[in-house]
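You will see two complexes here that share chain A, one where it goes with chain B and one where it goes with chain C.
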Partner chain A sequence: MKLLHKPWLWSWVAAAAAFALTVTLTGGSGASELAYAALSFGAFAAIVGLGQMLVITLGPGNVDLSIPATMTLAGTLALKTMGSDPGTAWLGLGVAILVGLGTGLANFTLIYLLRLPPIIATLAASLVYQSIAIWSNRGLRIKPPEGLADFATGRFFGISNVALVGLALSVVIWVLLERSVWGRWLLASGQNLRAARLAGIPVEAVRAATYLAVTVFAAIAGYLLASFSGGAALNMGTEYLLMSIAVVVIGGTSIAGGSSNVPGVWGASLFMFLVVSMLNSYGAGAGVRLILTGTIIIGIVIAASTRRATR
Partner chain B sequence: MTISRLLLGAATLAVTAGAAMAETSDKRIALSNNYAGNSWRQAMLQTFEEVGGQAVSDGVVAAADAYTTSENQATEQAAQIQNMILQGYDAIILNAASPTALNGAVEEACNAGVTVVSFDGIVTAPCAWRIAVDFKAMGREQVDYLADRLPEGGNLLEIRGLAGVFVDDEIHAGIEDGVAAHDKFTIAGSVNGDWAQEVAQKAVAGILPSLPEIVGVVTQGGDGYGAAEAFKAAGRDMPLIVLGNRQDEMAWWAEQRDANGYETMSLSIAPGVASLAFWVAQQILDGQEVPKDLVVPFLKVTQDTLDEALESTPEGSVANTVYTLDDAKAVIAEAK
Partner chain C sequence: MTLFARYRILLPVLSLAILLAATFYMQPRAMSYFGVNLLFNLAVPIALATIAQMCIIMVNDIDLSLGAFVSLVACVVATFLNDTPLLGLVILLALVLAYAALGAVIHALDLPAIVVTLGMSFVWGGLALFILPSPGGSSPDWLRTLMTVKPPFVPMAVVASVLIAGITHLLFIRSGLGTVLRGVGGNARSVARAGWPVIRLKALAYGCAGLFGVLAGMALVGLTTSADANIALRYTLLSIAGVILGGGEFTGGKVSPVGAVIGALTLTLAASFLSFLRLSPDWQIGAQGAILILVLTARLLFTRRDAQA
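Let's turn to the complex of A and B:
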């Protein structure tokens, strides 16, 4: 039973169960609607989750807490630059990616040159990014250009475009991790930094690339989310701080580093959306919902980690 | 320069308000604000800066400074209030992170002779003034409006705010009262939208597949446009969504009205309430007798006032009212 030993399995089982329970309530109708919504909204969590997964793979102590602020800053600056003018979608994407590169570089500079622990460095830097976002536009919501908004909310062969973008990025990450030297370097650095360095791996370059990748992913997610929901808001990234870490852990990626799991991030992202939908549909209040969500997450993490231990 | 400004200030004073105001010309007022991360708070800070700055240059008060904490934590704001006491401010107007956790710091301020006026996020310390919104009435009024517009009744979707926050509980209680009074309505589903379009959109999209036909959506502000987007994406008939004065909501409303005669209403607390708190603090410093509990009316936009409200609201912001000294006096007189 090789399948049972896959750490990503449990997030998918949980997502499927939440989906089935919700659809049971409606007697089967609305299933495609729910699947479509789960893919669209799960995609945002998956994109930021993929970035966070790479950072967490770097090993203990590595995490990027600047994701929400980077999303907000990228969304704000991109939409301000585009100013709702048609034909500026690529310009906006360019601005967002530049913001991602900029914040990633700043984060890594703090971590590498000042030797700050990543948690402190990214959290402190995120206050600066958030302040720049506030200062640059004072929280005004500028509409995305119509074409871009249509793309972000549109679908292609029944699958939302945002989900397709997320899937494409996932495939790139998966190939990089599983089939490229860079991926091997990343995993080796996460398993034992000292051994990796002695083996001649350019560990600092690997770390730099990883901290840049996570903010670029967050920036792309922020750009898409702002286009999807009709404008950037100052608090648009807030829920993705814990979400990005939760989907990584639920997805079966080892929090101790050195092992990544791309399919698990997707299973967990779908699950995080579906479990809230399920509990809302059954009429659970906010308190019950939070308790149950927490309990289920603990259950999945335990299931995934015992399977790994007995491998 | 200084003398001419003083003269100018005195002249303006004499013209606008009469004699009583000169008493506060050496008083300093600080705004202690717990959060700046959304458009409502940004509009609030901007209004305070405008009104406070004008009052300072008119010589009504000596200083009107705004301070915002970065982490929205009660402990951080308590330290901020203590700093303000040390800096010698005469009055602190306060939008509090918690109704109870700041009471210690507020008591310290009162004991040091500082006037504390809390608004929007109020504090329960007895020595402080409170400018509160009747949030319960805000919830109730939404259901009353729906009852008026939808004589047939039907299923409602409720979008709540941030779980565990006092404002959310109050509006929700008002909505429950309303539904109890109009039994033709049932709440078919309830989600937490955290007062943010993105969160509301996501939560509504998740619950919609399991819901029967929805005729009306009751909201708490900042979540109506997200709900509309979710209904549109699901290909459902657009229900009657009560909105919360955000410009993007009102722009959407105007668009729908022009396209298919969509009719609704919008209500929320105006961010300009900071200016009301400023004038109330000024009145207290001036020695006027002001009751401890004041009520600020909420700002309502109807089908008739929509165009007007849209025109006066900057793109992407929130409909606002700047309160004047006379408004403050009226609110105080009403509470007496």
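Let's turn to the complex of A and C:
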């Protein structure tokens, strides 16, 4: 019975169902390829989703809308610094992380010093990041260094490297959330900010660390995505705005804050990829695909809420 | 400085006035009937969309699907309403009712609006692609005439903005029902205790959002004369920014229809102003963000001073 009450269960069930339905159609062939693709593409959604999850855990009103712009900026600047030269992969990663730290710091400055609602602060700031990306990109497409491109598209023991990076980051987040003081502080701040502050928790430091974490994660995802797809594009982050929120909520993290769920983010990320490939393999057009995706998201949210009520 | 606290509308008005003055200073030729019309033309659909978003924010929710919804409406208007007006009207009415139903469901099941509207944005987008897989369609003639009408002395965009602001002010601020609706955002439980059916009020608020979303889509097609499935996606974020710029707040039912219209005008003007500055196109979006931050900072400075006083 205990397993049934795990909030992450449903996203995994849904992902498994989508997987099964797709594989049934092809008669069992291509199952491993599908799993491989789901893990690689799902990894990008999972990485940005993990960051968004931390922010949403902070409580109502906390959400980061600057994820797409940060991804684009980090991917663009990292590739520009590397300039396709071999052996610069770590330098590029450093640049990407610096971009993430910079945008996170800027976001939090707006939120903390100007007391802007996070939605507006990250939205307004993301417009500026986008401009910087446009300005530095200038339409030229720089290829990632060969070694890095091979790494991003390669696999290790049959699992794509990108998925492994995502899994490693997830483990770190999971340990931090479940086993560290910082995780307790984050959950406490999300459950009741005032009580947490009165209990002596440095809530502003917790908030700052969270808003830095989300942009660093977005920057890493942008760096990997740019390397994966052979160059940075100005619209490469666009779909991850809604995606990052969707995977968090489908994964069973409460939108009201104060509870996090790492495995659920992965289940939801795999599901979001698998549902699209399922509808594709059944020959659904773009319109039908979108309608069904939306219906399924709402269905899962309704299912999650009735489950909460009956417990 | 209690002046700004008592009249929250002052700061949005002031920001718009300053921006307008700066624009006229940069480009004196804009200071004409034709120039003003050009500056604010595209503001009409944005203002209507901002009012729609305001209806949702008024009851403490947020709508992430508005841009997709306006795009869908635009597609319906450019196809069905143009070819078979009656069917088109029925579809638009059904869309408004769908929005009202959405509000009722969100309230009845206690769902997070941000996620439901997120899901709906996919649904609206899918329907729009279904209706209009590639850009096209054409505007009904009467709509085109209405949006390009040239009233004497004052351009259509200004007349329309004033009308929208006035009517919505009466609707949401002066009327009894509007006050109760804002009360739902302030304290839904006390409204329920006072004997109001909150579920119907929420449905009404969402229905209003749907109605103004439909109007926004119609206005947009009247201006652009054609539609595509992604035509208004940026309205989601623009409308949220417009509401906040106009003095609204995310919680507590503190919204201002007049402010929202002014916020939408300010955002539209910011884009024109930046092109007059001969700013490199790379920085246009960023400068819009900077203007947004600047105005909100100004508001904060004044309100904080009030809090201390």
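Convention: the second predicted complex is superposed on the first by the 307 of 311 C-alpha atoms of A that agree within 3 Å, B and C clash if a C-alpha of one lies under 4 Å from a C-alpha of the other, contacts with A are read in each partner's own complex, and residues count from 1 in each chain.
As a convention for this text, a residue touches a chain if its C-beta (ideal position, glycine included) is under 8 Å from a C-beta of that chain, and two chains touch if they have at least 3 such contacts.
These figures come from a predicted structure and were not determined experimentally.
Partners chain B and chain C, brought together by superposition on chain A, clash.
In the superposition on chain A, A:Ile134 makes contact with both chain B and chain C.
With both structures placed on the common chain, the touch criterion links A:Ser259 to neither chain B nor chain C.
After overlaying the two complexes on the shared chain, residue contacts for A:Leu65 are found with chain C alone; chain B is out of touch.
Judged by the touch definition given at the top, the superposed model places A:Gly230 against chain B, while chain C stays out of reach. Using the contact criterion defined above for the overlaid structures, shared-chain residue A:Thr109 touches neither chain B nor chain C, since it reaches no partner.
When the shared chain is aligned, chain C comes close enough to touch A:Ile302, but chain B does not. In the superposition on chain A, A:Val276 makes contact with chain B only, while chain C stays out of contact range. With both structures placed on the common chain, the touch criterion links A:Thr81 to neither chain B nor chain C. By the touch criterion defined above, A:Gln191 lies against neither chain B nor chain C after alignment on the C-alpha atoms of chain A. With the complexes overlaid on chain A C-alpha atoms, the stretch of chain B that clashes with chain C is 164-172, out of 56-64, 128-136, 146-154 or 164-172.
On chain A, the surface touched by chain B in one complex and the surface touched by chain C in the other have residues 127, 130, 134, 285-287, 290 in common.
Of all residues in chain B, those touching chain A in their complex are 36-39, 41-43, 46, 70, 160, 163-164, 189-192, 194, 196-199, 201-203, 205-211, 225-226, 229, 233-234, 246-248, 314-317. The touching residues of chain A, when paired with chain C in their complex, are 61, 63, 65, 110, 114-117, 119-121, 123-132, 134-135, 242, 245-246, 249, 255-256, 285-298, 301-302, 305-306, 309. By the touch rule above, chain C contacts chain A in their complex via residues 62, 64, 109-112, 114-116, 118-130, 133, 237, 240-241, 244, 249-251, 280, 282-290, 292-293, 296-297, 300, 304. On chain A, the positions that touch chain B within their shared complex are 22-23, 25-26, 29-31, 33-34, 37-38, 40-41, 127, 130, 134, 137-143, 153, 225, 229-231, 233-236, 238-239, 273-274, 276-277, 280-281, 283, 285-287, 290.
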